Amino acid sequence: MITITHYLVLSAILFMLGVVGVLIRRNAIVIFMCIELMLNAVNISFVAFAYHLHSMQGQMFVFFTMTVAAAEAAVGLAIIVAVFRNKETVNIDDMNIMKW
Amino acid sequence: MESYLFYIVGTIAVLAAVYLIFERNPVFCALYLIQTMVCIAVLYILLEAQFIAAVQMIVYAGAIMVLFLFVIMLLNIKGDEESKRSFPFRKIPAILMGIGLLTVICIILKSKLLQGKQDVYTVAHIESLGNTQLIGNLLFTDYLLPFEITSILLFVAAIGAIMLAKRKL
Amino acid sequence: MLNLISLVLLFPLIGTAINGLIGKKLRKETVGYIACGAIGMSFFVAILVFFGLLQLPPESRVFEKQLFNWIESGSFKAAAGLQVDPLSSLMILIITGVGFLIHIYSIGYMHHDKGYHRYFCYLNLFTFSMLLLVLGNNFLLMFIGWEAVGLCSYLLIGFWFEKKSASDAAKKAFIVNRVGDFGFALGIMLIFITFDTIDFTGVFHAASQGNIAVGSFTVTIITLLLFMGATGKSAQIPLYTWLPDAMEGPTPVSALIHAATMVTAGVYMIARCNVLFMLSPFTMTVVACIGAATALFAASIGLVQNDIKRVLAYSTVSQLGYMFLACGVGAFTAGVFHLMTHAFFKALLFLGSGSVIHALSGEQDMRKMGGLKKHIPITYRTFLVGTVAIAGIPPFAGFFSKDEILLEAFVRGNFIYWAVGALAALFTAFYMFRLLIMTFHGKSRVDHHAMEHLHESPKNMTVPLKILAVLALLGGFLGIPGASAINGFLSPVFGEHGHVETHGAEACGSHAACLPYLMMVISTGIAIAGIYLAYLMYIKSPELPKKLAERFSLIYKLLLNKYYIDEIYDALFVNPIKKISLLLWKRVDAQLIDGTVNGVAGFVRGFGSVLRLSQTGYVRNYAFYIVAGCIFIIVFVVFGK
Amino acid sequence: MTFNILSILPILVLAGFGMLVLVVDVMSARKLGEKNLLAYLSLAGIVIAAIVSRNSTATTLFSFNETFTIDNYALFFNILFLLSTGLVILISHSYIKREDINHGEYYALLMFSTIGMMLMASGADLLNIFIGLEVMSISIYILTGFKRSKLISNEASLKYFLLGAFATGFLLYGISLVYGTTGTIDLRQIASFVAGKGGVKDPLLLMGMGLIIVGLGFKVASVPFHAWVPDVYEGAPTAVTAFMSVGPKAAAFAAFMRIFLTAFGSSHYEWQKAIWILAVLTMTVGNVVAISQTNIKRMLAYSSIAHAGYLLVALVAANNMGVSGTLFYLLAYIFMNIGAFAIVIVLSQKGDVGMNIDDYAGLGFKHPMLAIAMTLFMFSMAGIPPMAGFVGKFYIFSAAIKSGYVGLAIIGVINSVISVYYYLRITVIMYMKEPVRDFHPLTISPLIVVAIAIAVVGTLHLGIFPSKVMEIAQRSILTLR
């Protein structure tokens, strides 16, 4: 029998993988993908909770999260393109003009 | 049946996510992410959220990830990101941190779940109306304001994309 | 007439505004007239207010004038209002009176300075702030005045900021004062929490109603915090180090701010809060001990300084110590009395030294003076009056006030307070006459260049000197034992405990009636002994000090270097904070965390990579902090019970 | 079902003017030349929005199925946001011309970002607050990267974006857990649910709360979620830095207080301790590291971190005095901080040259008025009376003592003593060093002068006559719980 806890654990694992990805990757686009993975993980828990609570709010929230993710993707990729134009790289380890 | 499906799909999702964070080639990364997203869409169907599942496929796995792929192709990024500075154990602390986070969350999940307020949208109720119709109704009643504000959000995103990425203004 | 009180504040503010905004375009004379006129009018109003107050019956001599509601939130109200009572009216007389003389003096002294209008703008602003400090009817307003005088002091010490020592001294004064202010601010907050008001009337009324037990923890903390503020502003141990350095400012500034008025703010504050301080015997002991210790300590440093202004600076610290000693034993009247006489003779001494420096074209080292008696006679004579007054020879002002403090210390405190005070008095008499002798007597050691320009100061500098000399001569009679005018005048503020000479006499038994007179004789003797020592060493056998210095070279060095206090402070506090900041910035931020993330490899790659590891600005590290913080918060919120 | 369009009128006005600016920009691209019209148009939008929000209502009003509130609290913040955006438009005008980024999109994005902030302050459920936060953040990501040809601006934008999206993930996770354990995203329903259970005891709900602290802590720049602040502040166009140091911070605090006082107000014991630690860390790190900075924008960045710490102190206190003190402090902070940035803009040259603290040497002689204004702002931030910053700090620390957090208040006061060191350093350099460079050409225009004048008047007025504003602030927080 699959309970809500199963979904929450799956969501937690995916969230954690996203976090680890952000921490270890250097390619800005891949880091961004990892962030998308985190959002997806959260969405699972939203929908699972909604199912569990017989509520629609969770599903609605996911709908809006996806919209936000789409907007973020547009802007984020535009930023990455802008950076690439000037720097010819998307490796975030090369981006530390500002420090200390 | 359902539980088998959950385990199979869940495992694939996790495996794809693991590949995502260790794969070097960004194109493959994007494909792995799409794979995870498809699996998640299957889970949504299991959770009686058909509309969300469809949107997940069309918008997320479809549109957004295609945008990612498009940018990767556009910039012609190679998989050599680790070339200059790669230390053998660099990733260890980050992975430990992740495992720590997961452990904490799982310990918390082990405790008995607080039962929140139950709403009226039982599976039967949703099926009687249809998931999509219900969401449509809610969007134009209860969630009208955020729905409208989203238009500003997308507008801003469009302006931003043009501002930042257009070659010549 | 009492309603005029806001004018006292208004005039200096107008002066500041005019000189600050258009002073650059005005002629020098006009600037001077405006500034002096503002303070003069203010002084005039202060006299009117004083007489207005005298017309009231003694017990109802309190007048409050509400200006507007300043801060208001729920139960908490702080109105900006002015309070006139005997204590504040005495203070405004001193501030505007002495301030007026010093303004006039400054016209001559600062004549050649290119920042003339700036100087008078600051000086007027200072007078305004000081008046605000003493006239405010609540702690917050007092605190504003308190901070504002600190700010003006900062501006005036650093007036000649081209000199690095001056701007350093200014910075030091400001920061040391902030340490004290920190205590004061906390004290005010605690008062607000305890009494639910910050009005003087409300707080003191509540405190005197017996709501608060004598010696209770709260009131002890409050008073200790207030005292911390006072040590900062009034240059007591351990926060006195800024005052000697403050002598980098123009001399009239030293006279006004760092001798006569601002540094007495701490004494005023404690006298104002006497009701609170009387509730905490422990704090009173601390105040008395710090006061006595400072009096002795600073006097001992004063013994060997060679810079004329530095001697006076340490003397000021020492005299302030006396005032705190008086307050600490509960003799607030004596403290305020000494505050007043000290304002007279210390202003006189500083202005006199300014006249000397002016005459010698800026020379401040006493070893390059001597024999000036015949060249600048008026300065010499007035200076002599000041020196005698501070040394404590009857019937000069310093004698009465210092004698009263010593007496109170003996009667209400204990023998040790008296002994320390008396020893400090001996030192005082010694170093003051040493200063006098080295400057005005003996053979001239002035170099030829300065000798050519040697001249007596102009009229607008000598007249204030003469007036102050008269005050230093006669000021003491306000507080003659037995028929003390100041005592009667201040008694509504200090109530029962302000001045208890008679109580003390009773406590000492039958033959205590002669104690005051015995004391007078002893303190006169001490003063004369000090003067004789100075005479012996610097006139009779001038080689003696050198021999002594050689024999006791360690002590001499210790004294000359002011016990190395500044160095210790630097080593203990200033440097560590700088280092911690650098450490956090460069090491922890850049190396430690990055190093952990990058793992053991950093060690393997040796020094070369250490340099590279020190470069952060990596998103990855920042994300790492976020995750670490997140785990911490979750664990803390969920399991941290 | 209430669809009171009037309740979102300020948002509609801003959105309308934002689009109008874009259209005008495109339609008359060649004719406008200097593009002054755009600035005036946006200012008109801000003013009209302010008038409209003042007139909307005096009583609490819920609309859009109770997901949107117009109460005094929201009104106060609306005015606050409009004021900060208005001031930023004033100071931007000459700056964006100088840096060749004079596009209509700049003003439009400022206004859209303000819409997001308003939604954050008015949202009565977590969804609206979240959407508001995203509208605000995404606009600022773009504004940060607005100097697209400059690598430093690109880099700041990328850093801010990646970390911001990362933090959003945590915030969302927190919201989902709160939703899952309470069954609702409506703040007042969460409140009644939590109160019904006798406070938050459930670990999952507590974890949700913790994650929301992380997400919002990132936006208010609290340590250890602060690391983006110095880099992004340094890299962003200076006018944008001014913008993001006030508006978004205020908005994040608005949401912070709304969520934690309305929804979790009945069990503040659980979250206060965590925020206690954050407050201490934030104040201390901000102030201590600020001492060693040489670039004025970075210094102001660390100072802004430190100020977030002071504001968190008020949040810990969580009493009426503290919350109204926060409102007051945020208003005061708008004046003094935008004022300081305005002067930084005036004194820098094309390409953001002249950002070192040493470049300010001798300003006191060359431009006494600017130096006096800068001194005023620095003193106000350091908390020296009678400037606005002092009154704000006084309220906040008194509130902490009142709630029994004496230790926290002491740490706060110690920190404000430390802060004097670096604020004073600027004054010292301005007045006590010989000029090392020529300040010409100044980036000055009538608009920026107006902005500085408003900031000076505001800083002094709030310091000398704070009671009126404080009264309003106190009335504004009554609906919070």
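The chains carry the letters A, B, C and D, assigned in the order they are written, with residues numbered from 1 in each.
Assume a residue touches a chain if its C-beta (ideal position, glycine included) is under 8 Å from a C-beta of that chain, and two chains touch if they have at least 3 such contacts.
What you are looking at is a predicted structure, and each value in this text was computed from that prediction instead of being measured.
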Fill in the blank from the handout: Overlap of the chain A and chain D neighbour lists contains B, C
Completion exercise
Per mean C-alpha coordinates, the chain lying farthest from chain D is C
Problem - Whole-Å gap between the CA centroids of chain B and chain D - result: 31
Completion exercise
Distance in whole angstrom between the CA centres of chain B and chain C is 67
Problem - Length of the line joining the C-alpha centres of chain C and chain D, rounded to whole Å - result: 41
Fill in the blank from the handout: Per the C-alpha centroid definition, the whole-Å distance linking chain A and chain B comes out as 6
Completion exercise
chain C residues touching 2+ other chains are 585, 589, 597, 617, 619, 623-624, 627-628, 630, 634, 638
Fill in the blank from the handout: Touching two or more other chains in chain B are residues 90, 94, 97-98, 101, 105, 108-109, 113, 116-119, 142-143, 146, 150, 153, 156-157, 160, 163-164
Exercise for the section: At least two other chains touched by the same residue of chain D: list those residues. Expected result: 127, 131, 134, 138, 141-142, 145, 148, 157-159, 162, 166, 179-180, 183-184, 203, 207, 231
Handout entry: Chain contact topology (line, ring, star, complete or other)
Key = complete
Exercise for the section: In the complex, go through chain A and note every residue touching chain B. Expected result: 1-2, 4-10, 12-21, 23-27, 29-30, 32-34, 36-37, 40, 43-44, 47-51, 53-57, 59-60, 62-64, 66-75, 77-82, 84, 90-91, 93
Handout entry: chain C residues touching chain B - in the complex, by the definition given at the top
Key = 596-602, 624, 627-628, 630-631, 634-635, 638
Completion exercise
Seen from chain B, its contact residues with chain C in the complex are 87-90, 92-94, 97-98, 100-101, 104-105, 108
Fill in the blank from the handout: Interface with chain D, chain C side, in the complex: residues 68-74, 76, 140, 143-144, 147-148, 151, 158, 161-162, 167, 170-171, 174-175, 178-179, 181-182, 185-186, 189-190, 192-193, 577-578, 580-582, 584-585, 589, 617, 619, 621-623, 625-626, 628-630, 633-634, 636-638, 640
Fill in the blank from the handout: Per the touch rule, the chain D residues reaching chain C in their complex are 158-159, 162-163, 166-167, 170, 203, 206-207, 209-211, 213-214, 217-218, 223-225, 227-228, 231, 270-271, 273-274, 277-278, 285, 288-289, 291-292, 320-321, 324, 379, 384-386, 390-391, 394-395, 397-398, 401-402, 409-410, 413-414, 416-418, 420-421, 424, 428, 431-432, 434, 464-467, 470-471, 474
